[in-house]
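Single-structure report; data block below.
Residue numbering begins at 1 within each chain, and the chains themselves are lettered A, B, C and D in the order written.
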Amino acid sequence: MNFASDNVTGASAPILDALVQANAGAMPAYGEDPLTASLTARFREVFEHPELAVYPVATGTAANALALAAMVPPYGLCLCHAQAHVTTDECGAPEFFTHGAKLAHLPGTGARIDPGALEAALARLPRSVHRMPAHALSLSQASEAGLVYAPEAVARLSGIARRHGLTVHMDGARLANAVARLGCRPAEITWRAGVDVLSFGASKNGALAAEAIVVFRPDLADSIAYRRKRAGHLLSKGRLLAAQLHAYLADDHWLANASHANRLADRLARGLRAVAGVRLAWPVEANEVFPILPVRLARGLRAGGAVFYDWPTESLAPGESVGEDEVLVRLITAFSTPEAEVDALLALARDSA
Amino acid sequence: MNFASDNVTGASAPILDALVQANAGAMPAYGEDPLTASLTARFREVFEHPELAVYPVATGTAANALALAAMVPPYGLCLCHAQAHVTTDECGAPEFFTHGAKLAHLPGTGARIDPGALEAALARLPRSVHRMPAHALSLSQASEAGLVYAPEAVARLSGIARRHGLTVHMDGARLANAVARLGCRPAEITWRAGVDVLSFGASKNGALAAEAIVVFRPDLADSIAYRRKRAGHLLSKGRLLAAQLHAYLADDHWLANASHANRLADRLARGLRAVAGVRLAWPVEANEVFPILPVRLARGLRAGGAVFYDWPTESLAPGESVGEDEVLVRLITAFSTPEAEVDALLALARDSA
Amino acid sequence: MNFASDNVTGASAPILDALVQANAGAMPAYGEDPLTASLTARFREVFEHPELAVYPVATGTAANALALAAMVPPYGLCLCHAQAHVTTDECGAPEFFTHGAKLAHLPGTGARIDPGALEAALARLPRSVHRMPAHALSLSQASEAGLVYAPEAVARLSGIARRHGLTVHMDGARLANAVARLGCRPAEITWRAGVDVLSFGASKNGALAAEAIVVFRPDLADSIAYRRKRAGHLLSKGRLLAAQLHAYLADDHWLANASHANRLADRLARGLRAVAGVRLAWPVEANEVFPILPVRLARGLRAGGAVFYDWPTESLAPGESVGEDEVLVRLITAFSTPEAEVDALLALARDSA
Amino acid sequence: MNFASDNVTGASAPILDALVQANAGAMPAYGEDPLTASLTARFREVFEHPELAVYPVATGTAANALALAAMVPPYGLCLCHAQAHVTTDECGAPEFFTHGAKLAHLPGTGARIDPGALEAALARLPRSVHRMPAHALSLSQASEAGLVYAPEAVARLSGIARRHGLTVHMDGARLANAVARLGCRPAEITWRAGVDVLSFGASKNGALAAEAIVVFRPDLADSIAYRRKRAGHLLSKGRLLAAQLHAYLADDHWLANASHANRLADRLARGLRAVAGVRLAWPVEANEVFPILPVRLARGLRAGGAVFYDWPTESLAPGESVGEDEVLVRLITAFSTPEAEVDALLALARDSA
């Protein structure tokens, strides 16, 4: 009963198969192979964008940090939510790749940026050489706490950003979960809503290690190829990443995987809400569930073999709070989570309550 | 007949099998999995060193640049051969990871550093704040031009470096080929000969994407874990790299692969030398052959389907030169090169001569 | 009536004289001149520390950022107050010089760090490669809002920092004002209280452009000479900085200047408090006064020719607040402020009230 | 008899006077003072360029490195002469300010870039992500060895650079000496000949510490204000730099100073050439003399109190060489060198020969 992360699994069967298939034969090194070459057309199709550029990399940290390095000069600010993965969990990767740019923090329930707070922060920024000027906004879709931005929400934030001259980055480590939840086209919550550069995640949703930087504004793409090589993120055997990404997109495998994970998160949430003393900190909109549990119940679940993390309470909605005998936790479902495992956890919860 | 690089192949069968095996089941993310955990013991065994630390990464560029970042401060110099991969082919990765350190170039035939030149360069360096102080020496084993340093040669260079207060890095992208050629123990040409940090390569010799930074001096290891995460080189699914490295080391698979490649390089060299008008720029000591060919012959080989690169003539021995009608080229054999392919190339050469 | 900053004046007469004197004759360049050479002995005397090292630079930004670069690795955290100059007013200089380290913010009234908050922040920091590890604490003496740390207060914060393995930096842009106010020996609030590296300010208190990085821990000094040269902060004519610093320290000129500024700040505070509707946001402990004024009064002062800045209200004590019709402002006195100018401002205030 | 450097003197009388004058009264801090504000108009006049931007800084290292940071991305190459000051004597300042860009070296007698070598180097650079792409050319006017580029020579090099998409930087630490020697207008050897950004030196020719970054292409100026602040090179009391630069330009003081230094260099060269066994390594075109002396003579000069440096022989013209009993040395004259001192050295030389 491992609900700790969507990174604890291996690759999905179709993706593993694709890897094995792609292993045979000689292919040019360093991304000049035919599998990598055909990725561009594939992504242009999926995102309905005739000019986008794609740069596969092996990790989400690399995708985010390379994207931001192309968007923010060393002396610039990038605004993001105070709980965004880029600022809390990447050991300063954006600071490294941008050569010392700074992440400025915005508030918002469930790690989703509040548009009013963004507007206020940008209005407050003085234009002076003593302060670093804002250059980009980074959104996480889904948010670090499993909330989703609808197309209009993305457009609203992007609109504010653009009026202040910022470019817009989307950390899409869980983009698939958001697209599956919203039932929208990928274009709608990305470039059509004002996103300039997307970190397109696959590793959390079926790949072994594959992400893609998707650049919707050709002028921002210029430096990424050099920066990627220089950062050691151009794999010599490009087929490794390309094969995974092709299989991920084929036959909507990515959306099927995400739908499964989302559905199980719903099932988990529904079941937990029915347990006495349990409430959700905020709604489930992707594949993550954030219940506030009696401490005793959390202990019971862990004793019964369930694995999950405690979660900081800073993302709570105004007015919401966690009592002395309670704890906020995070449960994540993945493409590979069996329904039976969810049901086992729920049974355990009912027993421990 | 692809002799362009040892990167044009996929993974060897045992390594691919290991990948598929390791795919099943839940494992902790970010290198906390049991496969990764057991790598340290495995490398300590192979290198007969009780305290070494191992950091797997996906690319040789990352291994080299992270190693150098731990060894050279932003204001320091790293000495290396003028044709070393770190300085010619990594788009400034060492400069990026070290935050602006400089690579200073040393001469030597076949991209192997001349000890006298190293001694002279270090003697010449003034100690003054106007110049960047030398902090490390980087050797490539085998060299970028396929020459090997015997244990005494490594020890001699390391000795000079140490007397001037430098630490010693070895770029072992083709370490297996060197070990197989020399018939020595891995320890003998690394830490016992004075190497502090090793980039241990596997991708060119059977892995799909796997290298390891091997740190023989515990005090130098301190920063690498943070630097690796920050550079986006800590994979979320650590099993990908660990499974490859375990299979690579198991049953001396790495040495068997390298021996095959070396043997075919010898066969290729022997055959080419017998062709009229062909001579070798320097001996074959690993899996790379550098013949000087009549231009007409090179053209004939390519017309016949052989793939290989021209090579710059700066690495030639003093006195050696390439005539107007000649060209220096590089032919690489890999663990997967069929003997028949070498023989086909040789037949073609004899026909084209 | 310029109370905008202690940077609006030129040099004091003794310092200007020293500059003119030092101009004559040939001296070795790049800090090898006798004036620079004798600075070390002078600072060792003033700080009663037999081993300190001194690096003169022209700006406080350079002093702070070079000091932090020697103390914090690129992947490390430096803790400081959320309103500290290093994090709000230097356009990311620490991020630039440290190559991407991060400043983490602590709260506290009047820009003075609350020890409990420091303790809590350090206790909360997880030891994980996903987070940047804390390496240094930076204190401002006097604080950005003119509060002073007594020797015991410095020692308490340093003690917490050390227990967590951090080194301690002091931004002493207004150290003279603090020493003059506390009536203590310079050693007492610096190295004897646990400070490892000090940015010793002179430009705000009589110099034209001169600061010194004072390193009390020899092992931390190693890299500063190279970093300073590399940052363009080693002046070719070292006499410029050295002459100012010698004159600054001679005959306690620095303390006389600071005492004057402090005394006038007291006079200003006393006078303002007597004006109806005016209160101080926090006590005056150096040369800065932070009154909360009726908006109408602030307008009147400016109409009458007084120059000063509004100040953000984030530094207010818990429970304190600024009303709708009020504004928090900052008034600074300098070594050169005439008493008559203070009195003129007070008369204007009484007239405008 | 100090001929070691043009940095061994203080400020010239008019510049020192200007400093003293500018010291009085309150002025806005951080370059918002009227003296700094009027610098732009002054430089536009002197350089006959209606749109140039000026950024004063205290050191030539800062001027060069900030200029290059605005011109070369972190992954880019800057081409310069192998003996250029930026690459040999600034402890890696360009690498620091550009965040890891690389300086690629060009040959040429007397540290003056050979146009053929530039053309060849640019033609040879492969366009590949494995190599850093060339972004800028840096020329030194006068060269590190005292040679001057005539307007056509600058234009020729700039033309080659531009055809390859590079921008052009001029290190004008001794621009005054070049302008005085060539008798041309400052515009002719700078922007009219294709220079985009100029490091305009004053410290070696009469100022105490003052240089200016002069940007002829407005689009390249965007980032310099932020980079300068971030690097600690925005002085709080801007009058210090502005006063020096105004006095430097007033009444052609800069050219008068340079003409004096040049004239004395000529006198020195003429006198030395007449001494038996002495020849010049290359002509005197600015204020530096590079004689090849019998070792015995060099020793005699030093014994007699003359101060000067030995010089590396790498800049010698092809075919030229320094014999076993000879040494190449550098003698520099400054705005303040008395004619009598030159004559004393010559007398000493004649006595020692």
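The rule is short, and it goes like this: contacts are C-beta pairs under 8 Å (C-beta built on N, C-alpha and C of every residue); 3 or more make two chains touch, one makes a residue touch a chain.
Remember, predicted model here, so these are calculated numbers, not experimental data.
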{"item": "Selected pair, out of B-D, C-D or A-D, that shares over half of its residue contact pairs with A-B", "value": "C-D"}
{"item": "Far-end chain from subunit A, centres as C-alpha averages", "value": "D"}
{"item": "Centroid distance [mean C-alpha coordinates] between subunit D and subunit C, Å", "value": "35"}
{"item": "Computed distance of Cα centres, subunit C from subunit B, in Å", "value": "51"}
{"item": "Separation of mean Cα positions, subunit C and subunit A [Å, integer]", "value": "42"}
{"item": "Junction residues of subunit A - those touching two or more other chains", "value": "30, 74-75, 90-92, 95-96, 99-100, 129-130, 132, 226, 229-230, 234"}
{"item": "Subunit D partner contacts - residues on subunit C that touch it in the complex", "value": "2, 4-5, 7-11, 16, 19-20, 22-30, 57-63, 65-66, 90-93, 95-97, 203-204, 208-209, 226, 229-237, 239-240"}
{"item": "Interface residues, subunit A side, partner subunit D - complex", "value": "30, 73-75, 99-100, 129-130, 132-133, 223, 225-230, 234"}
{"item": "Subunit C - residues contacting subunit A, complex", "value": "74-75, 88-92, 95-96, 98-102, 129-132"}
